[in-house]
Amino acid sequence: MRLKTFRGGIHPPKNKLTALDAIRPMTIPQVVVIPLQQHVGAPCQPLVKVGDLVKMGQKIGESKAFVSAPIHASVSGKVKAIGLVDGALGKKSMAITIENDYQDTPDESVSGPKNLDNMTPEDIRNLVREAGIVGLGGAGFPTSVKLSPPSDKNIEMLIMNGVECEPYLTCDQRVIIEETDTMILGIRAMMKALNVSHAYIGVKITMEGAIEALHEKILNEKGIDVVPLVPKYPQGEERQLIYAVTGREVPSGGLPHDVGVVVANVATAWAIGRTLQTGMPLVERIMTVSGAVQNPSNFTVRVGTKIEDMINAVGGYSGTPASIIVGGPLTGFAQFHTNIPLTKQNNGFVVLTKEQAEPGEMTDCIHCGLCVQACPCRLVPHQLVKYAKNGDTTGLEQYSVLNCRECSSCAYVCPAKIPLLHYMRVGKNYVMAKRAEQKK
Amino acid sequence: MDELKLIVQAPPHIRSPLTTKKIMFTVVLALIPAASAGVVFFGMRALLHMVLSIASAVITEFVLQRLLRKKVTISDGSAVLTGLLLGMNLPVTAPLWIGVVGSAFAISIVKHAFGGLGQNFMNPALAARAMLMAAWPSQMVQWVTPLDAIATATPLAIAKAGIPDTATLPLLWDMFIGFIGGSIGETSALALLVGGIYLIYKELIDYRIPLAYLGTVFILASVFGADGLNSGIFHLLAGGVMIGAIFMATDYVTSPSTASGRWIYGIGCGLITIMIRFWGSYPEGVSFSILLMNIVAPLIERFTVPRKFGEVKKK
Amino acid sequence: MNNKYLKTLTNGLVTENPLFRLVLGTCPALAVTSAVENGFWMGVMVTFVLTCSNVLISLLRKVIPAKIRIPCFIVIIATFVTIVDLVMEAYLPAMHKTLGIFIPLIVVNCIILARAESFASKNAVALSAVDGIGMGLGFMSALMIVATFREILGNGTFFGFHVMGEGFPVAKIMVQAPGAFLTLGLVLGAINLVANHKKAA
């Protein structure tokens, strides 16, 4: 069977140190810090005050907006503070700090397992919304909204993103291997909510153990198929995944539902399955801690656990840490310090050494064209850099800078060590500013 | 908790181990077989030419950058590469100062006067060679046979002089090994191919340009040549096409960066080379064809920008 | 009073040298600088024409109607160029032949028209004459500077006299078109470097 793929892309070293490590529960932290915005869309408003006693799974923040998702307490205990904290994305955000009483008392609203057969698509969407489930692949898009595509779009299939193309991260891999039943339950729920009969799970052939684990389980599942993919970065990027599986290109400025597809991460499916099985909303997820630490591991982590607690859980650093990246090393966020809470959107963090993180000496662009070959969106990065440096919005729009998905493939390969992604963002800013001006 | 000194930068946080310096020096490495062949065939004077050219290039760049109060970048290897390529393009009989003057011109005028690394509009080594040909024409065309250094004409000059008797043309095998008159580094097709295949394997040059260039030369020479396929092979092995297609035309700065652009560029080079060789007044056309294509490369790139992923054709 | 004339003179020679600072008259500059002697005579002719036309235009500046001033200037300039052309042909026929078409082309030499338009039509006669002399001599020295490089490197001679030894490998390119562009470009660059350095100081 010919493997499916897309044009362009790069092959960074995989470094999947934790690929074969089973998920283990992370030591429950003394304090959790739960930001009020862990999703794309309107931030939540707090439903509790300082001093309130909360139970695990209790809804503590909500927004009335359509594109939003509520947040829940991930431990039982007392609300110690509600205020601004440093977030993983480099900005301060409002968060609720809860002191753990280590009882894990479930909230009254946690009603126990649900039977998927008795639920309508509307029921499923409400469940997903109330459970605060968002895209766990990193984007954090409210899943209930994703399961409610506009009525004029004909959705033909569901594609599950099990690619996990970033180096180091293995949380999705372990979900596929160890939590296969829960994940498949979640996939069935999504298929029912979308009223589709086909789901495809995209998996790289080099993801050890994944295809075997899946084949075993889906033999009896009608309508769910595994699609083996060429191991290439960024195969996990939504548009490249859709192209590889279906051959369809999502139009620039469009969304997957424009080509009849909905894409979701396998961990998101796992979260839905988990909620169906236990009734507990999204209060914990699988994360990977990897890189220059003593014991790289895959953990089940309560939402709001701080990075510094997780560093302790893996036995501290191995050598001198030079860079801590929340997410993967190609698209993740570098941190200033470790007193940062991890949220539903984060799939873990990687500690890098100086040799790895140091960008190296920058030279002038030698026009080698490696960036052009690498770009999965078929842009011409070196030309866009020239336009971005000059603020030339005509050139930027002509060369479609807004098409850039910020996958960093170009910046990874550049031998002149030019910060290409940074310039892409500069270019996008110029174009967006110009468009805002014109709208006035 | 100890105070951590953390690097905070925009993504990506890891990078490919390939650097500009590594690229330049790997290309120099790939030229060593052909450079060595030049020394074997033409003696120590050939080595002297190459050493002097490299030294002149590096020193010129150093002095210039110091004078202009810019960062000195001689360690990135680009000056070394330019110097080596120029040295390999000289006839061994040329006066020793010619490589020095040529390298200085290549680095100061063709490269730095236009903006330095990445900004030259023509291949510096080739432009310098063209200048040397215009300035000192008689000193640049004294060819000798390898090893015994008897004055000779290059195979192309022999071919140009008239429909030759096959007895006067060197054997194709000799041309493949490099046993013919010519510039120091251009005679041995074998040594050049070894270097070229290494670079393609290392993904440092795009196979499209040499394939398009050599393919076009072979096809056109076979069609228009007097001897069919033999003419095709003759023209592949004669003159500077091998070194031109593998090492000169593939210079990053002066060739298009798009895939289809590279095909067009390679074909264009081949076309002009054959036109000059067959119907022009010079016996050899490689330098001029590459220089001409260098000039149109940005235009080719502009017209071969790929269709963006997801681009909707305006109706 | 003296200061004004001196200033105008040095303006044309150095500060606003027509070839090196105003970058005017580059066409003859590229063409005739293959030998210093050619540059010298071209300079002489341009100085003569420039000075005479500046004087006449200045005398007539209140009379020439603004709307048709350019054709009037051209007629005046052409008169003097014709004089110079005929004198050259009579007394220096070899040089006349060498310079060829570039002698009549002095009519459209930008320097002369520019000075007529920007100086002679707005200033008194004596000052305009000094400006003409200054600009003309400035042009001549500029031509000779460029020609020096080209002739010595491209021919081994200076003003026809062999100055480089027998074995000197002359760079033929220098007396051809590419050499002209290269030399002019490099000289201009060097002068800009010095001028910018002075400005920054």
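Some notes on this structure:
First chain written, first letter: the chains are A, B and C, and each begins at residue 1.
Just so we're on the same page, a residue touches a chain if its C-beta (ideal position, glycine included) is under 8 Å from a C-beta of that chain, and two chains touch if they have at least 3 such contacts.
Being a predicted model, the structure only gives us computed values, none of them experimental.
Measuring from the average of all protein CA coordinates, the nearest chain centre is that of B.
For the pairs B-C and A-B, the count of C-beta pairs in contact is higher at A-B.
Averaging C-alpha coordinates per chain places the centre of chain A 72 Å away from that of chain C.
Averaged C-alpha coordinates give centres for chain B and chain C that are 42 Å from one another.
Once the centre of each chain is set as its mean CA position, chain A and chain B turn out to be 47 Å apart.
The touching residues of chain A, counted against chain B in their complex, run 10, 12, 167, 239, 243, 249-254, 308, 321-325, 329-338, 352, 354, 356-361, 363-370, 372-373, 376-380, 382-383, 399-400, 403, 406, 408, 411-417, 419, 421-422, 425. Listed in rising order, the residues of chain B touching chain C in the complex are 95, 109, 113, 131, 134-137, 139.
Chain contact summary for the complex, chain B toward chain A: residues 1, 4-16, 18-23, 73, 76, 78, 116-119, 206, 252-253, 256-259, 305-312. Touching chain B in their complex are the following residues of chain C: 169, 171-174, 176, 178-179, 182, 185-186, 189.
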